[in-house]
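Input: structures, listed below.
Across the two complexes that follow, chain A remains constant while its partner is chain B and subsequently chain C.
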Partner chain A sequence: MPAKITLAHGSGGGMSSRLIADVFYDAFGTDGAKANDAAVLSLAGGKLAFTTDSFVVSPLFFPGGNIGKLAFCGTVNDLATAGAKPVALAASFIIEEGLELEELRLIARTMGELAAETGIPIVTGDTKVVEKGSADKVFITTSGVGIVPGELNYHPGRIAPGDAIIVSGTIGDHGYCITALREGIAIKSNVTSDCQPLHTMVSSLSSLGDGVHAVRDATRGGVGTVLNEWAAQAGQEIVISEGLLPVLDEVRGGCGMLGLEPLYLANEGKMLFAVSAGLADRALSILRQHPAGRDAAVIGRVNPGEPRLLLETEWGTRRIVPVPVGEILPRIC
Partner chain B sequence: MIEDGKRKYFRLFRDELERIAVRPVRLMEVCGTHTMAIGRAGLRQVLPPQISLVSGPGCPVCVTADADIDSFLGLAKERRVTVATFGDMMRVPGNEGSLADFRAAGADIRVVYSPLEALELARSNPGQEIVFLGIGFETSAPGTAQAIIRAGREGLKNFSVYNLHKTVPQALQVLLDDPGQALDAFILPGHVSAIIGEAPYRFMPEKYGVGGAIAGFEPTDILAAIARLVKDINSGCPRITNLYGQVVRPGGNTAAQQILAETFEPCDADWRGLGMIPGSGLKLRPRYAGFDAALKFGVSRAPAKVRAGCRCGEVLKGILRPVACPLFGRTCTPEHPVGPCMVSSEGTCAAYYLYEGGKAHAS
Partner chain C sequence: MPAKITLAHGSGGGMSSRLIADVFYDAFGTDGAKANDAAVLSLAGGKLAFTTDSFVVSPLFFPGGNIGKLAFCGTVNDLATAGAKPVALAASFIIEEGLELEELRLIARTMGELAAETGIPIVTGDTKVVEKGSADKVFITTSGVGIVPGELNYHPGRIAPGDAIIVSGTIGDHGYCITALREGIAIKSNVTSDCQPLHTMVSSLSSLGDGVHAVRDATRGGVGTVLNEWAAQAGQEIVISEGLLPVLDEVRGGCGMLGLEPLYLANEGKMLFAVSAGLADRALSILRQHPAGRDAAVIGRVNPGEPRLLLETEWGTRRIVPVPVGEILPRIC
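Right, the complex of A and B next:
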């Protein structure tokens, strides 16, 4: 029988220590001898960016990633939206009694590999084990700190009429992938999650300085929700064109069948940018040189007007894109 | 990206409508999927002002009577059963809350995409009673019928259906009998017609002098249907035209019809807004009565308590535009729906709220 997490793993005693050393220190490349309750970081000058996010997803493993990858990339990408260079992450795990140890190990290893690839270490963390039924397998909270270089100030309040709205690639892949898995009986899908770290793609735009006004990762609620929030925060109208939205054919077709809107599906590896109109072409060519931005596209613009999000349909008409209501897809990110 | 061909035909039909719309016509799109497609593509913006589209009773969730909603909510809440339902039903409000509310309070309610998934739940949980909410028109009734037939063959004792299936043509007759309606023609539902074919609509031109066009769901398909209907109205030759021939055969889907006939027999059904319509319901035949959840659990139909001020009924008949309902966008929103027309993804009020700037009207 495969080894499973038991309540004793959360007792704080020897089994807890062994779990932390065998699974997490091993995966994250931590030197246990130097471990302490708090990590001490040396930071270069600049403003400090600080963020946190919790991750619950069912299933834990999906094409293109797992909950560990989501938790790592999600927090890295949140730091990136402020223009920050991520420095270090913390990771806390709430584990349901009965989770297979090997699954936890796979999740931790994924996070460790990402830390090694990106050079962003996981420097502190915590584990708790709860009784069966009190959590769904494993929940992860990651927090991160980063340094915002120079005078960069990405904020939706800076969005101004004339700005171009750019998305870094095809929309809805992650949300569609998870839906297809969850509703496996109804559809077969080849779409993989787009989950990936985007901090280097965002920092490649730092050469445009002040010309980049706002950056957001279009996670839960999708592009439609983020752009509605931007319109409200900027107090301007945002108009996007249906024909310009990059959407994989399979996602488009499947959404038609399931009654879903790609605009509202979650992404885990796509950024939205609001950029001064004159810099849109340069931003696009920089983004497209980055592997995560190959399909970047200008999808709309900011107009003076009442704060709302409009869609120009491919039929030459216009409609409001409302903020989605209620449960779209339960627990996908 | 839509194909250039579709765009070209879209423009052709739009230009044709500009030429042929010589007098006011009132068309009803019966089907909720059409209502959503019209809103989503912003079709009203390209129609000549003489053409008005009103939405009909073709959203199965919306036409479910209050009494039925309260009855199955009662079943979900009070009995130790697992309710399996299409996602659309989750937020429909009853007098004591919705399925989503009951789920949050601990009731076992599962969202499924097909009745066969509900059947699978019953197979894999033999100790648990699974009740599928059978809601929908001729399009979804064959799926329910198939699940019941299989359950019968497999001798499954823990599967049953709370059956509220309805049929469309009888409701159209009620609308045609209503002197207040003044409808010139119908855009007929593509999916329902794929099952029943063209014949069940023939009474419309023959008895009432009102035509219809069976249409697909692309914006171009809908414009084509409108152009066809306007031409027939202009020439005074009402008829039933099938413009969705790639999906709808003249005789419909005979295999599905057989399954329906094997499992169900017609009965009277209560429609929200339209009232009791003779012969518009589908009742399980006696040999399948063991799968009728209402009989199995002794559900008595709760007396109807229509929520104060809710005018979904008039909206469903196409008499009242959603924005003219005093609750629309004020106390009744997709977040806090008062009536089912606001909650269903195919509901007329939801379509207006989402796509036609209904929110702006209301505020």
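Right, the complex of A and C next:
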């Protein structure tokens, strides 16, 4: 096998088979003899969650992860937002001719290790290769299926006045980490991406039943974008308090220097929850018992009013946090 | 909305929302108010088929279809190879900055029309935008879920000596169409891509029960590659007859001129079946009643013997059809 990806690796012929067997079957623990165009899974029935996301992050490797970890966790977390127990993932790779095979292997291995750790197998996939210059190294699209327990229905439409808004930890870590890396100040940065699977943290809240109204991972566009969408979908006002937002000191300082707003920075391991006011304390204590939720905090509340997101500053003033317009940070995930 | 895609369309902010609402929700008939990160589907239980494929075809538009049609049909057909009734698709778009919005709209509309015609909705999706030069116009990854009737188990491992090999129509049309277009002889070509959904054709064979052993769409790598894989997975010899292969006259002539082998050309609307010998005639007559199977033909048989694919020429000689090595036709699908 040559050390770099060639167009022949995408031909569908012998080189493709060898690439798939050597890199992906090996990393994902796939039994090649049983592989087929579509995976078949047995289900007990009920509600199926189904999601997909493409990942184009640049650079491919960063402190705390790589594109494969992002792709795995991103889709697991999207399933979790529906309250689903993830059952299986699919992974499709678009590879630029010339990619170092070793890079691809590292990425696939990361995904395989996450599959083993979480018990969520990667059951089907695809590989395409395009000419040098027609893609940037590798793009990954992961899709996932999961089972939603019958009684759960997390949806922003269920957000109601009085709800507490909870975030599961510090905000902006992933976006700041990638930006610092690109800006070449990585050497001074200790911030790593927060990229991690959150499905067990979300399911730990299932004991609160339908007191949990909405769940969303605050990825591209950040907490500010998700809460704007929630305000619009719920038709209510959401007010968050600057002083309650968990932000790492280094992220806060770096954002000041770079002119970035942590509220708009991507997170890859943080969830937002809208929870009935009376259950907020219980939700917090449950979340904080989970390694991914140690820094969980109530950051705001839902008020009756026009659909908008307000930020209460530490001086007591209020300003509208708009939906961001224009380019924030391209290829952050 | 500007006429070309900008990085801001991929920001996750306001421009992203407008792009998604304007291009995709509109084309796919999505109720934006109900949209969420993961789609939730109700299932009766049983076996779930799950598949994914990326599409990178160049050019985006060709006689008989476009990348959106390929992406829709390719995933529907992969579900069909498992005997599944397709339930829903997911579609994820990686878009190059600068793409004409109108091209994206045409592609999305084609997918939406196919969803309406087939009754298979596109229930979830994602959009990423990368800088000019980091992708080539647009890549689409579609994933699909479907329900497999309990009794069906199509798998190459079930192929047995005596089985008839059936192809559902003329071979190489898609590969030839794209090649002709690229070689600039399109003006002389009347061959259109065979890209079409095949799930209803496959399910029409369900009355044959487990007499149908394996089903596969002969896409990238063509009939020659699939039958080599089948021979290897079944551990048997497959012999096909040159004189029985349905090939359009123009494809045969053009392949001669271009030095191509129709057996290795991609098909996007043709299925291969391995069927118990005694059921071959019934299978053929059922297939020929379906618009996509009018030219269905028995092209060969399975023999006990070492795993390989043989071609019987019209002169009665036999040669091995090898697994193709090296680049065949990049970005054919």
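A few points about this structure:
The rule we apply is simple: the second predicted complex is superposed on the first by the 328 of 333 C-alpha atoms of A that agree within 3 Å, B and C clash if a C-alpha of one lies under 4 Å from a C-alpha of the other, contacts with A are read in each partner's own complex, and residues count from 1 in each chain.
FYI, a residue touches a chain if its C-beta (ideal position, glycine included) is under 8 Å from a C-beta of that chain, and two chains touch if they have at least 3 such contacts.
Keep in mind that this is a model prediction, so the values were computed, not measured.
Of the two partner chains, neither chain B nor chain C is touched by A:E117. In the superposition on chain A, contact of A:E151 is made with neither chain B nor chain C. In the superposed model, A:D22 lies in contact with neither chain B nor chain C. By the touch criterion defined above, A:F139 reaches chain C but does not reach chain B.
For chain A, the partner that touches more of its residues is C, with chain B and chain C as the two candidates.
By the touch criterion defined above, A:D281 lies against neither chain B nor chain C after alignment on the C-alpha atoms of chain A.
Of the two partner chains placed around the shared chain by superposition, chain B is the only one that A:W315 touches, whereas chain C remains out of contact.
Residues common to the contacts of chain A with chain B and with chain C across the two structures: 325-327.
Contact residues on chain A toward chain B in their complex (touch as defined above): 183, 185-186, 243, 258-259, 313-320, 322, 325-327.
Listed in rising order, the residues of chain B touching chain A in the complex are 1-2, 7, 10, 39-43, 45-46, 90-91, 100, 113-114, 116-117, 120, 219, 333-335, 345, 353-357, 359-360. Of all residues in chain C, those touching chain A in their complex are 6-8, 10-17, 33-34, 36-56, 58, 78-79, 81-82, 84, 88, 90-94, 123-131, 133-136, 139, 141, 143-146, 148, 155-157, 216-217, 219-222, 225, 229, 233, 264, 266, 323-331.
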